[in-house]
Structures are given as C-alpha cells and as structure tokens.
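Going by the order they are written in, the chains are A, B and C; count residues from 1 in each one.
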Amino acid sequence: MLIAAAFATLPALSLFALLFGRRAWSHAVVYLGCLGASLCLLAGGLVHLGGHPGAAPTLVLPFGLPWVEAHFRLDNLSALFMVIVDLSAAAASAFGIAYGSHVPEPRRVTPFFPLFLFGMNGVLVADDAFMFLVAWEFMSLASWALVLADHTRAENRKAAMVYLTMAGFGTFCLLPCFGLMAGPGGDYTFAAMRVHELAPTAGFLVVLLVLLGAGSKAGLVPLHAWLPLAHPAAPSHVSALMSGVMTKVALYGLIRVLFDLHGEVGWQWGAAMMVVGGVTAVLGVLYAVLQDDLKVLLAYSTVENIGVAVIGLGLALAFKDSGEPALAALALVAGLYHALNHSIFKSLLFLGTGAILTATGEKSLNALGGLLNRMPWTGAAFLVGAAAISALPPLNGFVSEWLIFQSLFQGPSLPHWAMKFGVPVVGALLALAAALAAACFVRAYGVAFLGRPRSEAARGAVEVPAVMRLTLVVLAALCVLLGAMPVVVTDSLSGVIAPLIGVHFPVSADLGWPWLSPVGATRGSYSGTVLVMVGALMFGAAILAVHGLGVRTLRRAAAWDCGHVEDNPASQYTGDSFAQPLRRVFAATPFRARETVEMPEPGDLGPARHTVHLIDPVWQGLYVSLGRLVDAIADQVNRLQFLTVRRYLLMMFATLVLLLLVVAVRQP
Amino acid sequence: MEQHQALSYDVAHLIGATVLMAGFGLLYQRRLFAVLNTFAFQALALAAAAAWQARIQDAPHLYATAAIALVFKALAVPFALHWLVEKLGIHRTVETALSIGWTMIVGVALVALSILLVLPVTAGAAALTRESLALAMSVVLLGLLMMITRHNAVTQVVGFMALENGLLLAAVSAKGMPLVVEISIAFSVLVAMTLFGIFFFRIRERFDTLDLHYLETYRGDRH
Amino acid sequence: MNAAVLQLVQIVLVVALAPLVTGWVRLVKSRLNGRRGASPFQPYRDIYRLLQKEAIVAHSASWVFRAAPYVTFAAVWLAASVIPTFSTDLALAPAADLIALVALLAIARFWTALAGMDVGTAFGGIGASREMLIASLAEPAMLMVSFSLSLIAGTTAPVKIVGFVLSGGVGLDVSMGLALAAMVMVSIAENGRIPIDNPATHLELTMVHEAMVLEYSGRHLAMMEGAAMVRLTLFMALIGCLFAPWGMAQAGGGVDGILVGMGAFLARTFVLATALAVFETAIAKMRVFRYADFLGGALLLGLLATIFLYVSEAV
C-alpha cells in the first residue's frame, strides 16, 4: 500500500515540476517529494526482506494494452533491488534539495528526475514483459532527457545521441528476447515464462539477446562506449543514479532472465560472462586511471565494477549448471553484495564530485588540489568512498571482492577444462582490476583533495551546505557499516537468492556470528568486525606508545622537498604525471598510448608541450566502422528515393508476391 | 619405498620446472650476455635433470647425456657465442618484435596449451609422465616463441637451442629411451651447424658480406 | 596454552623483533661491502631518537598526513599479527586469510601514497605514482600465489596451510616451487628492496618508498620506519610459514612445542634476512620501466603455479 502510494507520487511530482517549474521553490519541493517517495519504497523493500521472506505479493491492474492487464509482483529479488535503487535515490534526492538549484537549468532536470525514479522502480516490480519494457523505456528516456539537461554543450548533445542509440539497441534486443520466452502462445506474463520450456536454439538466443540488451545498459565491454559519455553529462546527482543504480537495474534484468525466467542456462554462458566481466573490469579501470575529468573517471570505474559483479553472476551460472548449488549461491551472493556496495560508494563519489563542482565549478583533476583543508566533511566522506571502492578492509568494497575471490578459488572444482584454465585467468584479471582501482583512486583523491590548490577556483573553495554534507556522511557511514557487519548482509542476501538457486545458504554457519566463512570453517574466513576492533586498538596503542615515549611537539614549516623550495603549485605531480608510469606499462598496447614532446628552440619563448594520444580500440574498431557501414548502406538505400512511380509499384508488387509466397510455403 | 620414489620424481619435476623457468628467463632478458648466461643456466639445469634421471632410472648412459649437456651446452656454446658477440661487435641489447611483457603472456598461454594437449593424450599415463611431457613441450614451444619474437641472430640461435633442450628433456624423462645419447650428440652437432649457419647467413643477409671491415662501416647505421 | 595469550605474545613479538631483523640485514650488507657496520640493535636507537625529536609538518599538509603514519603502522602490525610465526594457535587467525592479508597491506600502501601526495611536492608524487605502479602488479601476483596455495591446501587461511604442509600433505611440488618464486619476487617489491627500490637511497630520481616519506620527521618518521621494519619481518614470517613451517607449534603442543616453534621462527627469519642481504649485495637496481616485466613475471609465475596443479594432481 505504502509502495503503491509512493509509486503514484512520483509521476505527480513530475507533473508538479512541469506546472510550477518557474518558481524557484518548486525544485526543492520536488526533491523533497522524491526523497519521501524513495524512503517509502526503501522501507517497503526492507520490510519485505525482513518481514515476509519468501512471500511475493502480486497485483494486477487493468491498464496497458486492451487485452493485456498489467502485472506487478514484489518478490525477494525485486525487494533487494528496490533497496539498492531507493537507498541511492534517497541520497540523490536529498543532495538535490541543495544541489538542484546549482545546475545550469534546473527546469530541465526536475520534471524528469521523478520519472527516472519511477521507471527504475517500475522495472523492478514488473511481472510481465510489457510492463517491464515500458518501465525500462521510461527509465531510458527520462535519463536521456537528463543527459540533455545541459544541452548547450556540444559534447553533451553527442553523448545524448550515442546514449539514445545504445538505449534503442538495448530495447531492440530485449523485445525479441521476451518474445522468444513467451513462445508462440504469446503469454507475456513472467509466470508463464517461468514454466515455458525453451527449445535449445531459442534458449541460446534468449541468453545472447539479454546479454546484449541488459549488458549494454550495464556497460559491459564492448557495449560500454555510451556510458562514460552519458553518465558524466548529466547533473551530478543524476550521474550518481545512472552510474550507481541504473546499471544495477540492468543487472536485475540479467538476473531475472538468466536465473529466474530462463532457468536452464548452460555453463558455457557462465564462462563467457566471466571472461566478459574480467575484460570489462580491467579495461574499465584502465580507462578510469587515465582520465582527467573526475566524473568521466567515476563513470569508467562503474564499468569496472559492473565487470566485477558480472564475474560473480557468470560464476554462479556455471556452478548452478554443474550441479553445485551451494557454490552457486556463494557466487551469486558475492555478485549481489558487490552490486549493493557499488551503488552506495559510487553514489557517494558522484555526489562528492557534485559537492566539488558546487564549491569550485571544476571537475578536472588538474584544476583541483588541496580541497581537504577547505572542505573537511566532503573530503573525509570522499576518502571513505575512495577507500571502499579500492577494496580496502574493513569497508564494504573489500567484503564483496573477498567473497568473489573465495568463490573464484572454488572454480577449479568445476568439471570442465575451459573453466579450470579460465578461472585462474579471470582471477588474475580481477586481481589486476582491484589493484588498478586502488591506484586510480589514490590518484583521484591525492590530486583533488591533497596537495596544494592548482587553480584560483580550488583555492577559494568553501564547504557545501549542510544537507549535502549530511548526505555524504550518511553514505560514508553505510560503507563502513556494510563492511564491518558483513554477516548481516550475507545472511539476508542468502534469503534473497534461495528461490533462484534452490538452496538456502547459511554463509556464517560454521564459526558463528562475526566470522564470515562461506565455504566452511577450514577454507578461509574473514571478520570485518574483529578487524575493526583490533585495528582500532592497535591504532590507539601506537598513538599512546609514541606519545608516551617521545615528545609531543609539532611545528609547521615549509615543505622540505629535498631542499628544492618551490612555491608554484604547478610543480606538484598532476593527474597526468601520476598516471604516466601506469599509462606506459598498461596502456601502450590496448590504447596505443603515444606521447609527443614539443620542445621550443632555445630563445623561443613558447611553452614546451607534452601531448598524450590515446586511441579507444572499442570505439575506433567497433563503433566507427559500424557507423561507416551504416552510412554506406544508407547511401545505397538513398537511391531508392529517386525512382519512377512505375518502379515503386513494381517493388510493392514484388513484396506482396513474396509475402504471399511465404504464407503459401509455411502453410501446414 | 613408495614415499622415496615419489620424492625422487618430485625432485625430477622440480628440476624440469627449473629448465622451464630458465626458458621464461630467456624471454625476460634484455641484454645479450644475460641471455647467454640464462641459456648456460638452462643447460646446467638440463644436465642436472639428465643426471638425476640417470640415478632414479638406473640408466648410466644418461650420465653421458648429462656430461654432454654440461660441457657442450652449458660451457662451450655460451662461451663461443660470447666470444663471437664481442668479436663481431654485435649490438648487445635484445631486439624484440613483441614487447617482453606480451612475449611472457604468450609464453604462459603456450604452457597452458601444452598442458591441455598433453592431458588427453596421456589420460591413461601416470601423473608423473604427464608432468614431464607438459614441461618438455612447454620448453620446446618457448624456444620457438623466442625464435619468432627476437630479431637478433644470436638470440635466434639461442632460441633454437632452447627448443632442443626441451626435446632432450622429454627424451631423458621418458623411461626406456635407449638412443638418448646418440640423439643428444646428433642434435648437438646439428645445433652447432645451425648456429654458425644461421649466424653467418643472417649477418650476410644484413650486410651483404661477412667481412668485418664492412661491419665497422655499417655500425650505427642499421636498416 | 591459551590462544589469546599466544596471540598477545605474537603481537608484541613482531614489533619487538622487527628492528633487529632490519639491523641484521644492514649489518650483513655492510660486512659484505667490507665495512664494519653498525650494531644490529642500531634501529632501536634510531627509532627512539626519532621519537625524541619534534615533528615538522608542512603548511600545506592536511590531517591525512598526520594520521597516515599511525594508520600505516597499525595496518601492517595487524597484518603481522594474524600470520602464524611460532605457533598456529592464534586467536585472531580466523579474522583474516591470505586475501585479507593482501588487503591489509594495501591499506598501508594507500595511506602512505596519500601521505606522499599530501604535502604537494614533486617527490611525494613520484613516490606515490611509482608505488601504485608496483602495487598494481605485485598485489595480483600475491593473490595468484594465494590462489594456487588455496588449491593445493584447500584453504586460504595461513594457519590451515601450515597445518596442511606439516601433516605432509604436500611434497616437493612444482607448483609450490613456482609459487615460492613468485612470492619472493612480490616480497622484494612490497618491501622496496633491491632491485625494485633501494631502502638506503636518497638519490632523488630513484626513490620510491623514501620519496613518499620524504617529508616526515620525528615521531611520524619513526612510525613510518617502524611500519617498514614490521613489514619486512612479516614477509619473512609469511614465506617461512607458507613454504617452510617446520617446527611451528600447533594447538595442544605444550610449552616445549612453543619453545621449539620460537627457535624455529627465529632461525628461519635470520636465514632469510641473511639471504636477503647477500642477494641485495649481488644485484643492481633496475630501471623503473623494467618493474612491469619483473612483477608481471611474478604474476605469470603465480598463474603458472595454478595451471601446473592440473597436471601434477588431478584436481
């Protein structure tokens, strides 16, 4: 009931924003409303997870197409993703209350923001293909409009164009996917799809299409190209939702189809997903570590994290098909845990970037620096987010990566040689991605928040309003909490996946409460809770010992820097110089990174220049050549516009005869 | 007895793995002399492998193989090549067609491939034979890889001889191969021929002559 | 004896022993170089001296700079407390396995690198950037070693691996050999030893770890140096416990067992320390862009160790 009311509120808010958009106060009202609605939905999801495990209330409403009713259903999986979506949505709405008036044209944002939330939540509760796709399109189009919010910039228009194309492609794939699952009977409810047995070819096509359709929305390589263009183009609180949450809705689509509706996916698909996930993770973080624009960096890092979660999903599929439900449950829990974690710290980091934008108007790393001294709250919260996304214990990012590693380490028990050899390679890719992510966020944090300010804007930064600070701090606290209390999360997640895998998986059974030992007490265990407590004790002991044994005086002085006294902040390492060793080592082959140095002649007063050229292999190889192909075909087809009437009639006649022939041949 | 035998096979495989690691070492090196030293080390490990097999198989003729490997490959060839490189004033860095990192990744892929190939072929055989064969085949493939990815004539010769080390490793590890001694001598002679043949052929190909006088003029002006 | 008591002993032991291990490495190196060298107890005096000096902090530094030494030290100390040194009967052992160990060391690195960038000097940036390059390959390599060990021993917990090795579950395995080689390479890199980094250098352009802690002084520097010393001891204990745990006391071993375990631990550590000194004396530091080949090699060795398991044992 609460959920339905919250749902109804969102379109109403959108309408309100359209009507009263001219009034300055209307934006705050809309965001407040969104905050309320998403908090209700969040509560609904949590109550469902906590209160009615296994129950799945359904609702049938008489709208939609004339002969199809709209089916809704809230099961554990939907509820979990509802929690994921609405946690971040609440944070973004709260942030928007203060931030919404800072965006260039607030009136282009507020009407679509509630619709975006509406679409995402709608996908989660849809129980037939029609509602699913309608909600999916609501989500896509609303976010497309949000990407276009700052439409005066040419790159944003390009981003929106690419995004629209890719969103269209995604739906284009999902439509036949559901069609195949519905079968010739054409019953589009999910309940019918669950019982419908798929022929081998159809089953193959369904998996392929859902991987293409939902994978393009999630940002799997090579379908990721739109993501780093579109996510940063939107206002920061929307970017947070697109990166942190919309990609999770895509993962929801994947899980819903692959684990629930389809039911019998072969292990080969699991292996393929693991490889795609591994490649996505490494390429995503490699892109990220080279970026100068903080929002683009975060968007690429989303690509990485989706890859990590997809490794977990693929592994779960492989285990499930090989008759290892317990391990499948572990891998799926790991993947879902990572999805939850990523939604939290990615929202935190994007909103933190929004705070930086508010304070300085800059999002280029090379124009920032020294912000921690000027924005202590934002800086501290961002540090927690950066540490969490770098998978450092005791924060949440580490727990999910630990679980994924633990399930990967069980991979060689699978009976297929491809998996036995593939799993270590995927493990190496995942480890590489995790280590590079740490490098990426040390760079981002170090350049943006530490050191000395590199521009006037950064020097004059002041802390953002209390609402924004509070949002950031709450998200940071969640990162700590979900990391320090992992067993609570894994226990509730194992309830979520029980219907999908068929086993209820007591993740913490062996050693009792604070110890996470998923594969059995002897196979390795972790306890964030204990580590936090002991680590804090040791930290305190170190401080006490040092202050007890030594002197406590502290003097501020100029930096020593090996005796080079240098006042110019330009002498610091920039983001580009920090990335240079990584660029040379890792990007030389995949991105063909080349550096050119222009050194002026002696006596010439012009500046020396160091330029880096990167080529995105996916963009150049796949998209540009595809674009050329489409252009070439269009040129050919274009000729059809200049024919005589007689020829057009001939073509229509030929088509008619052809279709009649098809009918004649196919008649039983 | 069982325990004892298992241990001696473990040692054999460890030595085999050392030969393989030396194969990776060859791919890893950037300087010519380091390549030669690594090659000498590989030959030394090979000699040790042969000697150990002679001991555990109770096959004295393998001692001869070990001695040949030690004298000829671990000492004579590296010294000769060392001398040649100095004498001919050859560029002392390894010229790579594929960067070192990528060569090593391909190398690991080749090892995985040889394991995959060996596994079904020897499904009935004991784990011991499988491991030896997989090791030997990997060494052979790494030698080939080295010949393909390194420009310099000397490194190509070294690659070829590393390949041959792999063959020898396979020969000594399999029980009851009576011709090992003969094979090793024949191969060694063949290698010596090839060594100088390729060497001089490549030099002539590059400079149209073997006359050192021309080499001096062309130094620093390679095409 | 009680696991909690043993845990406390270990927590104190690793910190108490660490300066001696470093001092010993320095002494052996000086002897090999033909110098007399300082007493192996010199690092204790150095640390005490640093504690007595006032700490100087640059104007531009934030609280990250001041917190980093303590966070780094605590993270390394915690990591050193959970791996078995003389006994496997540790109360904290289930809190962190090998993967968590890698991550605990990553905390230390994360904070040290941030501290290097905090003051806003060129050298701090150089150090942080290179350190992250090294970590980007060393960390995966160590995880691959964990992978192969977990396949061999069926667990990622160091304590359980020790038990497995001691019960004779593993012979002279090729995979163990490869994993050991990879582990040694990783340890060299993680501790900033030659040929990756030179702990004794302050030659400006070759520094990595020293560049990051360049701005530290007084008690902060003492903590950073202390963390480096504990880390060295930690890696020696780790190599020892994973590949040569003989003599280690197990639960229910009594006081005798613990004494034997302690003796074996000290012996292992000093053998490894001597070996490190000899190795460092014999080899030259490599260029920065060779790191990738060296550590990439370690990563591939770890991968090979895993792959080779399929041949030797029908996993």
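Side notes on the structure shown:
Simple rule for what comes next: contacts are C-beta pairs under 8 Å (C-beta built on N, C-alpha and C of every residue); 3 or more make two chains touch, one makes a residue touch a chain.
Here the structure is a predicted model, which means the values were calculated and not measured.
Of all chains shown, A has the CA centroid lying nearest to the centroid of every protein CA atom.
For the interfaces B-C and A-B, the C-beta contact count is higher for B-C. Chain geometry summary: the mean Cα position of subunit B and that of subunit C are 35 Å apart. Inter-chain spacing, taken between the CA centroids of subunit A and subunit B, is 49 Å. Of all residues in subunit C, those that touch two or more other chains are 292, 303, 307, 310.
Within subunit B, residues 101, 112, 119 each touch two or more of the remaining chains. Among the residues of subunit A, those touching two or more other chains are numbered 421, 585. Partner subunit C is touched in their complex by these residues of subunit A: 369-370, 372-373, 379, 383, 387, 390-393, 398, 402, 405-406, 408-409, 412-413, 420-421, 424-425, 427-428, 431-432, 434-436, 438-439, 442-443, 445-447, 449-452, 511, 515, 517, 521-527, 530-531, 534-535, 538-539, 542-543, 546-547, 549-551, 553-562, 564, 566, 569, 571-573, 577-582, 584-586.
Taken together, the subunit C residues at the contact with subunit B in this complex read 171-174, 177-178, 181, 290, 292-293, 296-297, 300-301, 303-304, 307-308, 310-314. By the touch rule above, subunit A contacts subunit B in their complex via residues 417, 421, 585, 588-589. Those residues of subunit B lying in contact with subunit A across their complex are 99, 101-102, 112, 116, 119. Looking at the complex, you find that subunit B touches subunit C at residues 6-7, 10-11, 13-14, 16-17, 21, 24, 28, 30, 100-101, 104-105, 107-108, 111-112, 115, 118-119, 127, 130-131, 134-135.
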